[in-house]
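Following this message is one structure expressed as structure tokens.
We just call them A, B, C and D in the order they show up, numbering each chain from 1.
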Amino acid sequence: MFRSVCRQAARHLNATPRTAIAGKRHLHTPVPFDWKDPLGAANNYTEEELAIAETAESYCQERMLPRVLGILSLQAYRKEDYDRQILTEMGELGLLGSTIQGYGCAGVSSVASGLITRAVERVDSGYRSGYSVQSALAMGGIEEFGTEELKERLLPEMAKGKLLGCFGLTEPNHGSDPGSMETVAKAHPSKKGVYLLYGSKTWITNSPIADVLLVWAKLENTGKIRGFVIERDQCPPGTLETPPIKNKNGLRASITGMIQLDECPVKEENMFPEVEGLRGPFSCLNSARYGIAWGTIGALEDCISRARQYALERKQFKGNPIAKYQLVQKKLADATTDAAYGILAAYQVGRLKDEGKATPEMISMIKRQNCDRALINARALQEVFGGNAVSDEYGIGRHVANLFVTQTYEGQSDIHSLILGRAITGIQAFC
Amino acid sequence: MFRSVCRQAARHLNATPRTAIAGKRHLHTPVPFDWKDPLGAANNYTEEELAIAETAESYCQERMLPRVLGILSLQAYRKEDYDRQILTEMGELGLLGSTIQGYGCAGVSSVASGLITRAVERVDSGYRSGYSVQSALAMGGIEEFGTEELKERLLPEMAKGKLLGCFGLTEPNHGSDPGSMETVAKAHPSKKGVYLLYGSKTWITNSPIADVLLVWAKLENTGKIRGFVIERDQCPPGTLETPPIKNKNGLRASITGMIQLDECPVKEENMFPEVEGLRGPFSCLNSARYGIAWGTIGALEDCISRARQYALERKQFKGNPIAKYQLVQKKLADATTDAAYGILAAYQVGRLKDEGKATPEMISMIKRQNCDRALINARALQEVFGGNAVSDEYGIGRHVANLFVTQTYEGQSDIHSLILGRAITGIQAFC
Amino acid sequence: MFRSVCRQAARHLNATPRTAIAGKRHLHTPVPFDWKDPLGAANNYTEEELAIAETAESYCQERMLPRVLGILSLQAYRKEDYDRQILTEMGELGLLGSTIQGYGCAGVSSVASGLITRAVERVDSGYRSGYSVQSALAMGGIEEFGTEELKERLLPEMAKGKLLGCFGLTEPNHGSDPGSMETVAKAHPSKKGVYLLYGSKTWITNSPIADVLLVWAKLENTGKIRGFVIERDQCPPGTLETPPIKNKNGLRASITGMIQLDECPVKEENMFPEVEGLRGPFSCLNSARYGIAWGTIGALEDCISRARQYALERKQFKGNPIAKYQLVQKKLADATTDAAYGILAAYQVGRLKDEGKATPEMISMIKRQNCDRALINARALQEVFGGNAVSDEYGIGRHVANLFVTQTYEGQSDIHSLILGRAITGIQAFC
Amino acid sequence: MFRSVCRQAARHLNATPRTAIAGKRHLHTPVPFDWKDPLGAANNYTEEELAIAETAESYCQERMLPRVLGILSLQAYRKEDYDRQILTEMGELGLLGSTIQGYGCAGVSSVASGLITRAVERVDSGYRSGYSVQSALAMGGIEEFGTEELKERLLPEMAKGKLLGCFGLTEPNHGSDPGSMETVAKAHPSKKGVYLLYGSKTWITNSPIADVLLVWAKLENTGKIRGFVIERDQCPPGTLETPPIKNKNGLRASITGMIQLDECPVKEENMFPEVEGLRGPFSCLNSARYGIAWGTIGALEDCISRARQYALERKQFKGNPIAKYQLVQKKLADATTDAAYGILAAYQVGRLKDEGKATPEMISMIKRQNCDRALINARALQEVFGGNAVSDEYGIGRHVANLFVTQTYEGQSDIHSLILGRAITGIQAFC
């Protein structure tokens, strides 16, 4: 009944690209293990992707890192002080909205954009948040749903980092459940083609410094959610306020605020013409979540690197480095494994994304898992520092605090469990 | 200092295979999420690999599964009763030693062999053990280190499943530390070109039914470990005993035994000519461990499938299926995620293996992680069955018991942690 | 506003029993740490309790253990072969129904009964199940809810282990949700004062050997759950069947079966006169669960003892015992801690039980936690045995398999989470 | 062979205090479950202990809490601004050094002092640290090892909170391994009866505001560790510096600093006369660790209370409070269980301490476990707050950050594992 498919297959083996170089024993010198890339993910990237990654990595380590972890003090994180110049610099390097084709954007692959994101979050998740909002949420939303006029007018300036964007979905009483939002857009009582927006959004990264605010609101007459691009310089005084939210437990290097709309006028041309309901914001979130899956592994990799170095330098009992402790080695092995697995999964979804084969559930999966595992391992690695972990100069406490926040935003981990559970069982368990 | 590499890169983008189809929005109908392949790993396989996987899967489900989980009773598992005919059938399908080029073997890719292994372990880890020992350890060892004469004489018969092999490394007092083995090979006092082997090996899968026993022993005069191919039909009575070990807690569908050598004569031609020390057995183990990384995910996938079905059918409280419970959905989401990640990691190492870029540490990593995660998730899924889990008819308890064993053999999980820890830190922590 | 209560308090300190011997430095020789009783729980027991514990412990180790782990073979566990003589022996020692006052029972404290339970489960959870069913479920139920006539007639014989009992609540389709049971009691169409029972119960420990079957059924005319004491010798042929269920994954040293009732006649006197609804079975379960909280710690303590001994005897690498490994020591420290905490919690609830202050939620808490922690730690300790764990002779795999079952019966762990969650929040989350 | 001890025991049962009220069914109205004291620990305390606990609780909630979580801002935590007035207020209430007999101290039981500690840490672990250092480390050390003159002169003022103490053991290069300390005391070259101290200590709670510094140093001529009580007002300028350490990741409401000693003169009378080696500091740490075991449960209890309230008030999807989610209820159930178990264990050791039966390993066990479980559960509860957790106004992020520090100081968790491992196996695994 069963034919010998294997033998058949073997006979028919053509030299398919990299897959079927099977069988031949490789006798050349053995490849060394690289703890920074334990499963050889770099073999998967194109040359262009590797070049982009290197550019992003150099910029982030040389220009961004000193701002969060300065010689004098950890300015950005300690003082909750975000330097918006960063986005301008990233714009100059072509890193903003990088997967967009045209409009002054680079049009690179999703994997390339993932590598950029990882490089940024290796420095700080707050910087990555600022970057994700500009690239994936604001530019991505406008590119996907905006009119051609809007795209041509706004995207090139946003790509340069001259105009900054933000994304207003979450409201004080509606986090995991945006469908219940209360922000509303009413037709202007007298001016045709103008809507007036009322409501408030909260936990909006970049809102206090944003020039372009993508805000989701329910259209009063239909009750349907629509997207509006608010341009700050068009808003009369008192109609748009974006007070910052301070005293955060994490993501302190990013700037976060509210969006308060009181009779804020928006022209009809700035409303996304076609998309209605949650499909619009969810599509944008999907892109941002994809980036988070790459980014959080970057943060974890930085934790590994810091913990490894500390463990090699810190000596206790008989002068042995604590890297010799089994309990320390296990933490390093666990973290390194999860980082390596996380990158492969993000890579896979990136390739499928560009082939049009990535589903939102895949992105739920990698967002959830990579945030969770980055957090769990970062916490375990923090233990390696013993009492010294309490000092912010070792950097690891900052990553731990940041990663907890990434686990809760853009879909809290448990919510993604239930999204996946629904996809697996066909039954929804939100109650 | 930083040039705009992204824009440059974008300009130079050639149509590289599947990587750079970036940017263009895909408007065709959305791809549905598949809980059996959540991250779309099937997109990565060649057509040949898919065909091989399908053959293996059909054989395993139609021919193997009824033996372990028969209509009348779970014969093999309950009775610790392995049917050696299975290997003959697999041989007929070309599934044995499948990555070997020539000698009657299929010469397929490492990924293809991984897919076969997964299909087998989806049925039972014991069957996979029997298969791994024949393919990776015995045939793989002979192919890599044996003389041409041995290969030509033994491999074709082993590929057909007519001759069965086993692999004798572990000893009663030396598990994680085979370098301390006590089995010894002494030059025959009178017959030139003959060695006499003394010692005993334990926990040897297939030993009671093996025709060809690959045994590692220290050469008396050098103290170096060498590999010997013992042919049972060449052994005088009383020099080779292979008593089975019964009453196992897991892997009961495989047959396990000891190898007791007492003045057992082996011709010099049956000693591997070049390889000395632990490099020989470790190279074989490497191949087997690679297979385990694929196989254990197969077992986990079967647990997911069984738990999902049970949760959909079992109704409690108000007639709702327990699949509606958040606590059940989370278990399914966790398991599905780990299975998806595990497959991508095994796939990656498979490709690198065929390119000569896989390191032993990579294999330690995927062996450890996939065994650990398969076990942890299988245990969590077992809880879904509540009190019914105690019945062996649901199959999940068998997987749980099996997976625990896979975590302890061919490198116990903690030992692989320390192997990885050594690779990461440069310091060894075995004490 | 705040008075110096401390100083006041100190002045008024009377010599309250053991609590206020405060302050004085104790200069006598330091007490050594005892890994078998790490937090000194033995200090809390009365002399009588200690004597009872010693008796139980001696009996279990000397008489019970050889049956489960015999020199020749692990008869009971391997063969699923329960020796009912055990209950008779326990009866002779006064260990059955031990907290009951009168009726030939010992009338000891709940802590004493917990200590007995722990001693039994240290040998095997299956033996403890058989003991719990007799003592807590069957005898306890009759004592709490039965008529005086029933008590006087049955309890003394049950206390001697001459009559064996079982407890029929769970049905094939109703595990966590017994309120939906389908077993029904109808008034006999012609004989006054007789009910006919129809239905089936499953996973009933001891049912195949029980003389006295406490079965819960819905009274047809009221729809309310009532308790019936079925005496096997009163049942006409064909009205009561108790086929054993074999091939269990765990608790193999206990005997389990179904109860199949087909027009089974029970006299009205054998129906519990007052209790209606789930209060009856839940009260019995409460007592059994209390015992499980003690028992599972006994099983864990045996795992600790076995793993510790193995770790001290097993030598790897440079001849060091693996007890020297940090990864092994951590497993032992974790397990020892959870065992010590678990005993204190069970003790506390035992004392409160006798004072009438124990709530069902307390028992949910200690049942859940002690089962969960016993299981988790037993699994971790099983890893200490490496590949050898697969042999049933080390005993630890048996405990692991048993403890999983204890986690799922008498309230699966997640169900107890939701019972506790409801008590904490006031909101029920069963859906 | 086995006599019926149970029956015997029952006959001899005297009315022992609270233990043997066994057997009698309690028919009075059922006791309700109290999520704040799930296992009824309050039943164990004496009336005096309850009164002390109430005083401490009132003070902490009414006077301390507003300082850490003020209406205008979280002054103490946000600004790392410790108000030393707190210790004076606690002194006025008799809460400092409360277990000490005489010298103006209250002389209460160890359980009472544990209850005070729990009340303080319920507010903030930083406040508890300040309190522990004054009470357990500084006052406790002087009381245990100081000369009568020192005790009479210093303790009464310290008890009033007029003189503040600190405890200098840890050094920059010697955390887990204080035996390698570098701080040294040399005999003054000319003044008899005076030592000169050289060296530096770090992570010293209260050092910048301490009047009395208990410092451990090696006596130059013997190499033995000795304890010195440095009185700040006796130190010539430049010989004692105590710069604060700022920018901590946790415990920000406490003040931490270094102790820098350069030719700092200490009179011989201020050296502890008898104690040598690590026994001295370890004995003090033992007392402090005992307090941490109580305190961290207080912090966890506050997290439970906050998460429960948030879950009841926060509504998502269909207007249901998220307390209705199974995943939320499980987190609450887990945390409540660990808090209840933790208190019982701390209570047990407290009683044994006063009876002279507590071993250092017991304290390692409860310090480690209670810190670990408080941290793990606090983190899980933090997830309940979703994105809002990032705001410091919910208080839970502060507890999480604090509890991580408690896990690392006074014996990092892994170090206590190895202390326990050594006690269990007899083999030490520090390498």
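By definition in this document, contacts are C-beta pairs under 8 Å (C-beta built on N, C-alpha and C of every residue); 3 or more make two chains touch, one makes a residue touch a chain.
Note that the structure is predicted; figures quoted are calculated from it, not measured.
Novice: Quick one: which chains contact chain C and chain D both?
Specialist: A, B
Novice: Test of understanding: which option in B-D, A-D or C-D shares over half of the contact pairs of A-C, residue numbers taken as the match?
Specialist: B-D
Novice: From the C-alpha centre of chain B to that of chain C, how far is it in Å?
Specialist: Using C-alpha averages as centres, the distance is 40 Å.
Novice: Return the distance between the CA-based centres of chain B and chain D, expressed in whole Å.
Specialist: Averaging C-alpha atoms per chain gives centres 50 Å apart.
Novice: What is the distance, in whole Å, between the centres of chain A and chain B, each centre taken as the mean of its C-alpha atoms?
Specialist: Roughly 37 Å, centre to centre.
Novice: If a residue has to touch 2 or more other chains to count, which residues of chain D qualify?
Specialist: Chain D, residues with two or more chain partners: 324-327, 330, 414, 417, 429, 431.
Novice: Using the touch rule from the top, collect the residues of chain C that touch chain B in their complex.
Specialist: By the definition above, chain C touches chain B via 73-74, 78, 170, 173-177, 180, 203, 245, 247-251, 256, 315-318, 320, 324-325, 327, 379, 382-383, 385-393, 397-398, 400-401, 404-405, 407-409, 412-414, 417-418, 430-431.
Novice: Which of the residues in chain B come into contact with chain D in the complex?
Specialist: On the chain B side, the touching residues are 325-327, 330, 429, 431.
Novice: Taking the complex as given, what residues does chain B use to touch chain A?
Specialist: 2-10, 12-13, 16-26, 28, 30-33, 35, 38-41, 43-46, 48-49, 51-52, 54-55, 58-59, 92-95, 98-101, 106-112, 116, 144, 308, 311-312, 321, 323-326, 328-330, 332-334, 336-337, 340-342, 344-345, 348-349, 351-352, 354-362, 365-366, 368-369, 414, 416-418, 420-427, 429, 431
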